[in-house]
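What follows are several structures.
In what follows, subunit A forms one complex with subunit B and a second complex with subunit C.
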Partner chain A sequence: MTGDTTDDTDDPRPGGETSGSADGESTRGDGGTATVGDLPTTAPDEDHEHGLPPKSSIKRWLVTTNHKDVGILYIVTSLFFLIFGGVLAMLIRVQLLEPGGTILSDMAYNQAVTVHGLLMVFWFLSPFAFGFANYIVPLQLGADDLAFPRLNALSYWLYLVSGLLLAISFFQGNSFSGGWTMYAPLNVPVYTPSVGATTTVFALLLFTASVTVGSVNFLTTMHRMRAEGMTLRRMPLFTWSILLTVWMMLFAFAALLAALMILSADRVLGTMYFATESPGGSLLWTHLFWFFGHPEVYIVFFPALGAMAEIFQTFTGRRLVGRKWFIGAMLLVALQSFVVWMHHMFLTSINLQIKTLFMATTIGISLPFDLMVFALIYTMIKGRIRFSTPFLFAFGGLVLFILGGITGVFLGAVVLDYEFRGTYWVVAHFHYVMVGGVTGLVGGLYYWYPKITGKMYDEFLGKVHFGLYFVGFNLLYFPMFVAWETPRRVFDYPEAFVGWHQVATVGAFVLGVSFLVMFYNLYASLISGEDADACPWAYGSTAEWAVPSPPPLENFPGRPSYGGGALEFLDRGRTTTDGGETEAATDGGVKAGGHGHGHEEVSHASIWPFAIGIASLFVLVGLSGVRTGNVAYPATFVGGLILLLYTLVAMTRESFHGPSGPFGESWPFEGVENTKLGMWLFLGSDVVLFGAFIGSYVFTRVAYGWQAWHVVPHDPIPGLMNTYILLTSSFAVVLAMVAAQKGNRNGVVASLAVTLLLGIGFLGNKGIEWWELYHEGEWVATSIETSTFYLTTGLHAAHVIVGLIIAVYMLVRAWNGAYLDDDRPVEYFGLYWHFVDIVWLFLFPLFYIL
Partner chain B sequence: MDTKLYTAIYVVLFVAATAQVLVEFAGLAYWTALAIIMVLSLGKAVLVAAYYQHLRYEPRSVTYVMVSGLLAALALTLAAAYSIT
Partner chain C sequence: MTGEFAVVMQVGEFVPRGTRQAVFQQIYWVFLVLGTLVGVVVVGYMLYLAVAYRAGPDEADDDGRPKLGEIPQGGGKGRKLFLSFALSAVIVISLIVWTYGTLLFVEQPASAQEQEELEVEVTGRQFQWVFTYPNGHQTTGELRVPKDTRVRLGVTSADVFPNFGIPALRAKTDAIPGQTSDTWFMAEETGTYAAHCYELCGSGHSDMNADVVVMEEEEFQQWYENTSNGSENGNGNGNESA
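The block that comes next holds the complex of A and B.
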């Protein structure tokens, strides 16, 4: 960290004056910058943009790893899911025209309600925001791309495939029909038996995997790849909101991953965590789900808040009032979001003391929001407002959020929630909050549309869109407050509310039509809109407005630096001025040597993220129906697994150069190289994953009666043997690293071979133990004790198997002489392997001794 | 780094694992045994993280990330277990 002393009175808005400094061409035909010309690394037919086919080619969109392309893919795909979820919403509103329903069967309505909720929260709102994050955040940071471009593309493809899985679920009997919160025991096959319901769970599982990969990538990028002088305190507000969002994602989605893995096991393997007979089973689900679910509220809302803050600054021509406090308030909310989850559970069997505590924390979390709202209001008062479309939406979003926030305070009070829970008050409240966030992001879409497309949208149609949108929104959701006694999730309600519900349905169609205006506007402007300048706004101040619209593939005409106080572009060749290390990140792939010049060729294309996505589709579709007896399902599963392994190995072996870094600002992770930090962040989320599994075990055992619990293994000795084995294998990995540092090839090979053999021994020992237990009638579905034993130690065994696959790969490479000049891959594998060891150090006493 | 140090830690880990089982067989009161065994596990975990994973030699911020994950998991576990009526 530099000795940054920016105080709140400094103008942190960098370099508005430098806008438009680069060439006006949108794509550069020379395939690179002028400073390098000695390495013709691109194939002759792909010389257009660093090996990327042109944008008109479908192939480009399948292979691209560039953050701007991936951002566009995210935005377009999320808008598709908006239409998908929106059509389901229309069906719901038509059904509610009369009490008792009109067009849908009971089952169809349940599916429509469930999938509408899932689609809008998971597949539209967050990915829509992350489209902008992908496109804008590296520009605002001064980075050429994300730290791991291929993992970024992988996040996208897993996201798309997870959405396809959700669509497929409708064709497997029926989709999930138990509500978007998937409450237990409705979520187990006794009540929702269809294969499609299992596929829905898998879809969410894959989405979670996508989010985890994305959070690791964004966190590494945002902490490690900031331009010189771009300290955290100077970071633009949108980027700040994304930084806090991804931190919340890293931990919160790990808890959801645990919940979904357990649910998948209940549905496919027959464990009984959430079964009616399980002690505290339905309560366990609510804990796991809402421990994720409440941070999720801010995960979807923060990016909107960040976009709104930027739009307010640009269209009032004034820096946000109390900017530092605004950031502090967001930071506080991000922390507090992890200690309010039980306010979603006031009507479950949790005790009164904890309800009171969580009511207090809930009131506490509303306070920083008050500050943020007032900061935005004062910014309007102090500045001079230009009522362009982006501002109208951002302002509308603020108004709607205020209404949604105030009505939420009612729900946070235990006594009032006894009355409001399960009514349309809740439905109205969270739509004002969530769709209020959407409003802000639609503002972001208009705001960044000229940057992304290089074309100006039609201002008149934009205002028409806002008018229809705002009127439609309030016609749709406000009547729900009035008719709040309508029960949620069912289509029967008192006759007295018919009028209100019919108004709401009209509002829904007005809101829907407003989006047609938007799509027409955006499409027509893309074809025949006016060309947009680098900065079409009078007071655009963040770095994305200092580069052409759209920015060239390499983003910047030189190395961006804020070292002089404002944005300037330095010569790429000068690597000595940044005072830090400069290294080539290899994105976990094969590191190629020999880049002695300052600005090395950067790769932008890989087919493997797409291929891994396809393989995942086969794996999960196959797994969804393994219990049906149809052999096509297990065959698809096995085929998918083979394909998945092949594509993963292929991506690892591919030579790929990510952007180099760091560039000057990497607080607080100076000296922790990108791949290492990525590994640590992944392990951080894995701590929460295992923590939630162990927490589920502890919770269930407490609910059951701790000492009445039957410990599954007869004696701890086999477990102790496995503890010895794992400890020894950890020691062997340490020796492999030491050997690699000493350049001792035989030592590396021997140590990795020992690790591999010990790992196999661990699994063999476990296999014998399981075999014996099986023959004594203690199998997965025997009791809640066996369920927790097999699933938790099974998840650990799965981690061991993944580690062994990596060990085999590394052993082959070590045999061929790898790692002797660079031991980092051995070290990073060790981080993972030791973590698996540590987990066992807790599982052993918890499941074998106590 | 020093191979001797790694070896010494390996021996300590080995002994601590054995001690956990001995504590179980020692016939102590259940909750006393539980406390000792969990403290031994925690001690082993800290050793592995600090030396085998080199957390001691990384910027402290990496440790904070891991501790944050641990705190989140503990908050979930303890509050959920406490909430049971």
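The block that comes next holds the complex of A and C.
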């Protein structure tokens, strides 16, 4: 890979190389490829909206599945949550104007710090970054859309609904007030009894579901759907940062999901995992939470790093120094992020050896960041640096991150950490890091704003925003280092710090005002800004700048390829049904909008993701108050559940075609189809979920005393029977697949029916067992032993029930003759079913024998 | 473990030891000075580069600059990158290793000197601190200790998960239900110090404070003997079987 690539002027590619896709029937004159130099710079007429209503219509935004639309939805929604969280931050700062507080009660203050933290970390930072990821990553990869467009829309709607749930929680008594880290046992109803606190936990649960769906989608897309020549190593840096982010998300959020499911059970079913009496309950929470929580730090920071790298390259006019080492460092951090969690627990009762180990891994993870920071700095050398707003923010973000990093080294020294724990040093440090990341992403917002809107923002106002932002930021957070001895989440602090806290409050308002400037700028520019070119920046190099601003719905004027050494757009193989169309795009200039006629007639609209989101809202609001005795809650819950089932089935039955192959680069999953890869990834996160449940059980039992533990089912026989029943049912699914391959309808129906019956047998057998235990006085909330038994095997039973619902659906379809020419759905169901089976093989000995 | 410790001991004066206040102060200042230095150098260099390579009016040719649609690639070989990376790694690792010796001392101060010690159980409950002395005497919201004596605290909780800390004496540890975590301090001057809660523990978190009263040794003995109902060994001197 040398510095000089092919020229970006008209450079006809050898005919044989490009015409392969067009079956050689194209009659291109001088090479029918569009190279990026001669692209249309304005958007084509919006007459080609793939069955979507126009953008001015509200309905468009409810039914859209297009990645660019969803990206915009994410960005706008996350900015709304920024305002929400920002207002809470202002309340906190006003409260801290004087020791002892000014305007908030104790509980109001605790809610403010808790929900501020939750909103900023979960509902603002990550979704803000994923708005860009949605919009930009498919463009940078050369993909038409994400692998599963409807799931992408579903991720968004679940995210929005989860945020609404959080807002609703304020109106149910009060919201959660135990800090964003939700330490146990303060997080159980004995200490935080309000319905709103439960709703907060559910909000986070739903957010986690949204993230999991999104991670599976992004990973499938990024591994399978890259343009020809776009190997993993060649991916642009922003895309690289997102790839690593979603890998971390897939596993880290599965651990959080487990923690939240257990917490929900503690709050609603009365299990006792995190109760004061539970042996190791408090520590269990810290382990589960920080196993998620530390990767989360990088999950929110990586996209900012990627955006900063892109902005640095463009505005210095230099390629990133040591690019492959930069990527290697990110990869290393992503892996290491899963082995540093206990450095949040140095003052718990863990022993010195473990502290030493985690001190070492913590230093280890800080070093790759040094390399990344230096790579960005050295990229400026010999640059042609332009101080446009995006660069100012990226540069400022890097400065802030460096300060955050240096103060982080203090925390890496355990002796110092002992003293900094729970103080404003920590608060200041992570705000420098995380809000430093926000700074980079705000740079990204200005950087991609012309691409997304087709309008140029006002440069002067952009610079004003940066000035206010940077001054406000440092006025706000730097005094926290000086007044670091203030205990965290406390509004009664020593008199000596009054001045510093008042300066911080002033800074908070300056920072807040700077965002008003930004909102005004973005809004006014949208209405009356100048039209933006396809690439408004000199030295913009990645693919999003090679398409019009904003890009047409189908993204590219042809099939993107890097096969010839630089981005070019080839005729789409799929348009060959209609030869005349391909010929229209012959003379090097692509006639935008003309190419796609034949190939994308199917509708890209679906209302079901939105509907599923609404149904989830009812389910969770209903569930939050089932223990209050108010009938409206269970009624809402049941109604929501019915609606949820209906919308899920409706979405499954809807005819919808996501992007289908062949794609250019799919390493390392060339041989795996999109849906199958998606299923594997989902099961991967499910492994972590069950792993966390099993780990929690083992941890609790060890803390209790392994031998002293009372094994709940006194008779292992029902469990043993169930093991055989499940094994047999797995075999029946295999038979169903074989029958489908042979085209034997009756065989498919019969095998699926056997699977279904065996599954029902499993549940029936379990029901009898539970019934007996119940009558012996061993129910869910009886003891810590019964809690772990019912919850873990109950999670497995829930997986069985979901499997059976799918089996019923498939049985009906098989009866009508489905799967005979395409047995893949049976295969994917089989994957799931075998997985559920394997999980039982672990649960049975753990809960019945040992 | 002991071998490790012996090595550290031989390093002698280089590793900060003494009261926790002194230890913290030394390490903190070294970090602060070095951290400020590194920060100033790095940020200063960034600013220098930004000014030095700002775009001028002369638009030279674009050779070697990123082109639209190129395959993403790196610029420069990064020799400088590795040099600075190595430098930063040396600074960070040596700093941390240096403090590790002190960590060993802080974790096991007993082997440093043979000293009088007082051991007190601290129990957090919403929203107060309860102190239990070896003789069984309990106080709430006030801990009395003698000066120049190592005070070991075994901290636990009766309900939620607070954190007990005495900032001026640099003692702090989590209070976890069902577990005991240890910390210690030694006060060199008499007076009243404040203890706070350092982990959000509920509505009264902001006010969950306690006083730590450091007394002259004799004064403390007098007070302590009056608290014990016929407890002969209630002198706080070494007999820490409680």
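Rule of thumb we're sticking to: the second predicted complex is superposed on the first by the 770 of 850 C-alpha atoms of A that agree within 3 Å, B and C clash if a C-alpha of one lies under 4 Å from a C-alpha of the other, contacts with A are read in each partner's own complex, and residues count from 1 in each chain.
Following the convention adopted for this analysis, contacts are C-beta pairs under 8 Å (C-beta built on N, C-alpha and C of every residue); 3 or more make two chains touch, one makes a residue touch a chain.
Predicted, not measured: the structure shown is a model, and the values here were computed from it.
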Which superposed partner A:T379 touches (first subunit B, second subunit C, both, neither): second
Contacts of A:A255 with subunit B and subunit C, given as first, second, both or neither: first
First, second, both or neither for A:D492, with subunit B first and subunit C second: second
Which superposed partner A:W325 touches (first subunit B, second subunit C, both, neither): second
Contacts of A:R267 with subunit B and subunit C, given as first, second, both or neither: neither
Touched partner set for A:K68, first subunit B, second subunit C, both or neither: neither
Touched partner set for A:S349, first subunit B, second subunit C, both or neither: both
Broader residue contact with subunit A after superposition on the shared chain, subunit B or subunit C: C
First, second, both or neither for A:G280, with subunit B first and subunit C second: both
Partner chain(s) touched by A:H50 [first = subunit B, second = subunit C, both, neither]: neither
Shared subunit A surface residues [contacts with subunit B and with subunit C]: 280, 283, 349, 703
Subunit A-facing residues of subunit B, complex: 1, 3, 6-7, 10, 13-14, 17-18, 20-21, 24, 30, 33-34, 37-38, 40-41, 44-45, 48-49, 52-54, 58-59, 61-62, 65-66, 68-70, 72-77, 79-85
In the complex with subunit B, residue positions of subunit A that touch it: 251, 254-255, 280, 283-284, 287-288, 291, 338-339, 342, 345, 349-351, 354, 668-672, 677, 680-681, 683-688, 690-692, 694-695, 698-699, 702-703, 707, 716-717, 720, 723-724, 727-728, 730-731, 733-735, 738, 741, 827, 830-831, 834-835, 837-838, 841-842, 844-845, 849-850
Complex contact set, residues of subunit A against subunit C: 1, 3, 5, 8, 35-37, 101, 106-107, 109-110, 113-114, 177-179, 183-186, 191-192, 229, 234-237, 276-283, 313-314, 316-326, 347-349, 352, 355-356, 359, 363, 366-367, 370-371, 373-375, 377-387, 395, 398-399, 402-403, 406-407, 409-410, 412-416, 418-419, 421-423, 485, 487-492, 535, 539-543, 545-546, 562, 565-568, 703
Touch list for subunit C against partner subunit A, complex: 23-24, 27-28, 31, 35, 38-39, 42-43, 45-46, 49-50, 53-56, 62, 64-78, 80-82, 84-85, 88-89, 92-93, 95-96, 99-100, 102-104, 106-107, 126, 157-161, 163, 165, 167, 170, 172-174, 176-181, 183, 196-207, 209
